[in-house]
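Worksheet for the structure shown next.
Labels run A, B, C and D following the written order; every chain starts at residue 1.
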């Protein structure tokens, strides 16, 4: 992950937000889960600075899109015991993979917050598509 | 949000608490989620200083009455994965809106804790009605 | 401590702030260190919601005016190892004592933040004087 | 504060970092202390995501450039007892003022971390100069 690519991903997410009529925050983290970039659109909720980096971190930490966690982080589910703090198990976080086969690994993540969960997911996937065509 | 209005809202919530036979804490936060005023009635539980500001913060951060979160923050619900910390997904938090149409935005929130959820909601709504007639 | 008395103490602190030309936040906590009331004056800094309750808590927890901590919480001092979190070792916090002789105990505290340290101390002492004449 | 202005301020800080030969992180927060934008340059330390927002928050919360805290937050100094958590008392945080005279208030802050303190201060001031000519 690097800043230039993070900003291009962020731009794609924000463009998708305009299409969706949503106001969002977008976070990109590196393979260490540490923030590379963050942008909160004019008028986006103050929850964004916590939830968007949290979704990106969670996606990297668990190597799963956070939208897939809905069925896992419930009581009795496989991830029911996740600690609070940095984990945010809401759709809108996507891990970013690099390499092939056995060398494939997560090298970053994007998190979006501020719209409905569906809008957040769509915006995160718009960012992810920039990643795939980098 | 300003202190004078926050105190009038708080007074309305406390009056409603007397009607309900409840002993409550009332918090008012500004658009940044930062506390403007807090009052804990004689005899109200020590959870109030955490839960009432938490509900007010949550209402501002998510732009929803926290009573609406009941159906969303349950296991499997859309907001089931909210992090701990400042988020309190119990009824009794209300966002305060200002402006019209596209310029409408959340400029503060009120949170009530100490009674039953129904009582907390009623007290928060009493505060909110002061906001609407400000 | 009770709400009615806390509000009278707060009023005295705010009046002193007007005299000082300061904009402050005032917190009052009970003997358990739990918040009873909080008010942030129009225009007072957003640090108030953290620092004022922190000073009040610290005054109760250590049974000392926080202005007396300056010489104790320094490296090599008696209180150098205080944990972070709720402790705020800045002048402006005052413990409130009740009872006589062996039965004397701390039953609450007041904390003020937003002015200079001298202003905060003066405002906290104005609140304390209400306590002494209760 | 808005995102467009925050990004222009960030760009100015990063340009200054290139001049200084430093690799930095830049954070911009609004009047509530909530993050608006963050960028970490390629190769900048992982402390940036904590320290840069922390400096920006501290500048807003205390209404002082964090470089001015050096003399106050030392042992025995007036602000020696500041709590940990969000407060970062290292040079590189600057409050952003708006309005005149009695209506002047802090409406945001910028924080820079990653270089020497002198470099961080220079980069934060480059961002601040964009604010002054906005």
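By our rule, a residue touches a chain if its C-beta (ideal position, glycine included) is under 8 Å from a C-beta of that chain, and two chains touch if they have at least 3 such contacts.
The shown structure was predicted, so the numbers you read here are calculated from the model rather than taken from an experiment.
Q: Same or different: at the subunit A/subunit D interface, is the fraction of residue numbers used by both copies above or below half?
A: Subunit A and subunit D contact each other through largely matching residue numbers.
Q: Round to the nearest whole Å and give the separation of the Cα centres of subunit C and subunit D.
A: 29
Q: For subunit B versus subunit C, what separation do you get between their C-alpha means, in angstrom?
A: 26
Q: Can you list the subunit C residues in contact with two or more other chains?
A: 46 - these are the residues of subunit C that touch more than one other chain.
Q: Pull out all the chain pairs that touch, please.
A: A-B, A-D, B-C, B-D, C-D
Q: State the interface residues of subunit C toward subunit D in the complex, per the touch definition above.
A: Those in contact with subunit D are residues 43, 45-47, 50-51, 54, 66, 69-71, 73-75, 84-91, 116-117.
Q: Subunit B touches which residues of subunit D in the complex?
A: Its residues touching subunit B are 30-34.
Q: Touching subunit B in the complex: which residues of subunit C?
A: Residues 2-4, 7, 32, 34-42, 46, 48-49 of subunit C touch subunit B in their complex.
Q: What part of subunit B is in contact with subunit A in the complex they form?
A: Within the complex, subunit B contacts subunit A at residues 31-33, 60-63, 75-76, 78-86, 105-106.
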